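Before we start, here is the structure in question, set down as structure tokens.
By letter and in written order, the chains are A, B, C and D; residue numbering begins at 1 in each of them.
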């Protein structure tokens, strides 16, 4: 299948690809480190604005917040949808942070014009019709590895985006499904970082929040990902984890996030 | 999460659910055995019509044929799409067999009015927006288990369909991803059959073609699935496997399919 | 690695290998079907003798009973050991049934002279020093697939036995470890049966008791294994499952076992 | 099962356990970092002595070298066995480094009196008779996680050692078996480090050589393990990887190892 790695392959361009995030000046790849932080779901104007300010102050350069939420159960909170997107845009305006949020269906793409990075989630990692639609835009895309996605499949899904004309692709390792389900929700496969660095020029970001499913594992895994050479991190932060409408077990408080950012910077300095 | 099994759970209705397939009189579930057969992809008028006649003669009661093909590589054959759907309808008219084909995006749903069963493939097993759209129709749905889908997740995806108002759901075990990748493409989890029989009133069909990825394993696994209590089988048949445009390693010839059907019937008689 | 399949490979001998079990006249392989049944652990003289008579009456031709028990916790019942072996021999004398029990260390091998089949358990599937020791005897061996054992590894472990001079090897599929852990203890990989039939002349037996870990799944999986072409079954039976000292969740009562045996025979007749 | 975590559990003693390695003064745990390095297999006197000097110069404090080699194929090199052990002891005398080597059968235990750390390999992780025998000694043990071992099972195997009276146990994460087999031999589960740190007082070491199976992934994964809080590393080093008698794909040269050690120290300083 490696002959199918046409545009994603390492030698397609002579240097690591740098993805520029909208008009913000933020970059990911080629030495630029992206720190994406925010709540799992946008819940209210106050919540998202407060969190945006807090994560920005701690060192984050991209704000995350889910508004279209793919949930395993139809009876779980499905996100604030279009209204949530407006709140996210407000937070962007007030803080100047570029925003990332997940797209789960092509029909919502017209709403995403002011979104700086489109997230393709793990469940839609092989939703090729969605990838084709996003591949026709020039909006940067953060593409998550599927829950049982191989490295090959992740790259082939990226190939759908690049083949469509959108080269602004950031890959994201977020944990894979293994037999170990008692102590971690997923198994974060950090070896994917150096493996992908050999295969592709695209930047790779790690999500230790979904990758472990446990708040107390986020910091050590974020540090490990940084040491392994990741181009960025994606971390869930909530001002009141116990009351989060989703993923409450895995989000950090702003204070925990700030402490972590300081350690991440130390690792980056040590290895530079 | 079992508290979320509202409409799919065993006791939601007092008997096994029987799914009636269009105007054809074919039923699946509650003692009715569905035999879905045909090529991985519709390739030409002659191919699909010939195969329809052959599989019908051998005992199949539903014709399968992919027209919108989700392929790992963007450079692989993506199916004949709308034109292929017309060929499939022609085969339906000529043979009287109800037809099943995969839907990969909501925007093609209007084309599916004459399709008797909509297939939701493994890659879209947690594409909830697609499930919501199909849940608003009354067209029977064959819902495949995701490649790393748990039994819970399969049932929760079915719950999306039933919660939307569409109760005509057939579950499909099609192999899961495990560490054994040298001799089989996937690991067919036949224990899912009796597990699901305990949990839900919905019928369950097994796809040994995708479940093993090897033509020589299709017959023994089809017999095993029948012995384990499946409500039906889904089998890829091609008149010239070596020249099939996709999945050539796993399709049976019409003659092999006919022999298998005779053995399947013997198993069913032995256990009745 | 296939070049290492020297003595286990299909064409090493022109016909399927038939393993003769001691002086009993019982055979497994080449059309001979072995039905191994009995308790997980030998608990008392009365228990093992009663069960031996019950499973023999129902159609079993080999009696199983663990005496050296490999348990995950050091604080769990470790088996009656040498004393249990004496009880198992008594049951053999009273019923005429050949016996199988697990060997977990080479130093107990001298005690196994009257044992008809030595079982190598899943945890010791790659305990090569144990395999080398057993390979020097002529006692038939039932070799279980490791919990994460590939088909290749199972055959290479068998190769250790044959290379040592012991050709009386029966392979045993007993479920592999996958991400599905909520509804089944392991995932029984029945496709291993036809895969192994292509690769080796050795007989293959299936253990649906350990393969599923649930008594209600044993019968459908035993029937499925039979339909898929297994050369035998290994099933846990206990006269009082609720009080069994180990594996109480997965053992059948003698009555359930008898009903199952009748169905197994019907499947075998249907396919003969 | 957590109630069975009697002696391995975090609160069994009030502080992290420090394992002292023989008379060498080397310690692992409680802030002491162990660097175990050397060849996969001891091949000759010259090889092991040269490598011992090289890895010591680069910062290693324990010398590894396999002499009893568990190999998947009976036809592969099985190690120099007792003669190899003598060579390893020579290297110990010449360099003053404590030595670690794998024990695969209880009958070789009398040969291990001058061995400083006994390694229990992944394949013998649940060989309870071997664990019981080693548990009766006071020799420090490095216990590797099984290829499909859960965190629970690793701790229960350690419990066998501690219950026997040997508290000098070092746990070792060395990669687990997952569906990703194309680009890595195993999936190194670094989240096991913080998970185990919460559950037990025992030190945990990481083996990125076996954990990835690829030399080019060893350095990034060693750095990641250090950042995640490991108490040590175990790394294969060979003076001529291309000619190594086993595991040639995954061993570093002494020069690569030296560069890595410098980076590891920078990470440790950054986080101290």
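As a convention for this text, contacts are C-beta pairs under 8 Å (C-beta built on N, C-alpha and C of every residue); 3 or more make two chains touch, one makes a residue touch a chain.
In this text the structure is predicted, and so the values were computed from the model without any measurement.
S.K.: Considering only chains that satisfy the touch condition with chain C, which of them also satisfy it with chain D?
M.R.: Both-contact set = A, B.
S.K.: What is the shortest path, in steps, from chain A to chain D when you may only step between chains that touch?
M.R.: 1
S.K.: Could the interface between the copies chain A and chain B be described as same, meaning over half of its residue numbers are common to both, or is it different?
M.R.: Same; most numbers are used by both chain A and chain B.
S.K.: Just curious, how far off is chain C from chain B if you go by their C-alpha centres, in Å?
M.R.: It comes to 35 Å between the two C-alpha centres.
S.K.: I'd like the Å distance between the centres of chain A and chain C, where a centre is the mean of that chain's Cα atoms.
M.R.: Here chain A and chain C have centroids separated by 48 Å.
S.K.: Counting in whole Å, what is the centre-to-centre distance of chain A and chain B, each centre being its mean C-alpha position?
M.R.: About 34 Å, centre to centre.
S.K.: Taking each residue of chain C in turn, which ones touch at least two of the other chains?
M.R.: In chain C, 148, 152, 177-179 touch at least two other chains.
S.K.: How would one label the connectivity among the chains shown: line, ring, star, complete, or other?
M.R.: complete
S.K.: Would you pull the chain C residues touching chain D in the complex into a rising list?
M.R.: Touch list, chain C to chain D: 1, 4, 6, 70-76, 104-107, 123-124, 126-130, 132, 146-148, 152-153, 156, 159-160, 163-164, 177.
S.K.: Where on chain D does chain A make contact in their complex?
M.R.: 148, 150-152, 176, 178-180, 182-184, 187-191, 193-195, 198-199, 211-212, 216-217, 220-221, 223-229, 263, 266-267, 269-271
S.K.: Across the complex, what residues on chain A touch chain C?
M.R.: Chain A residues touching chain C: 177-179, 181.
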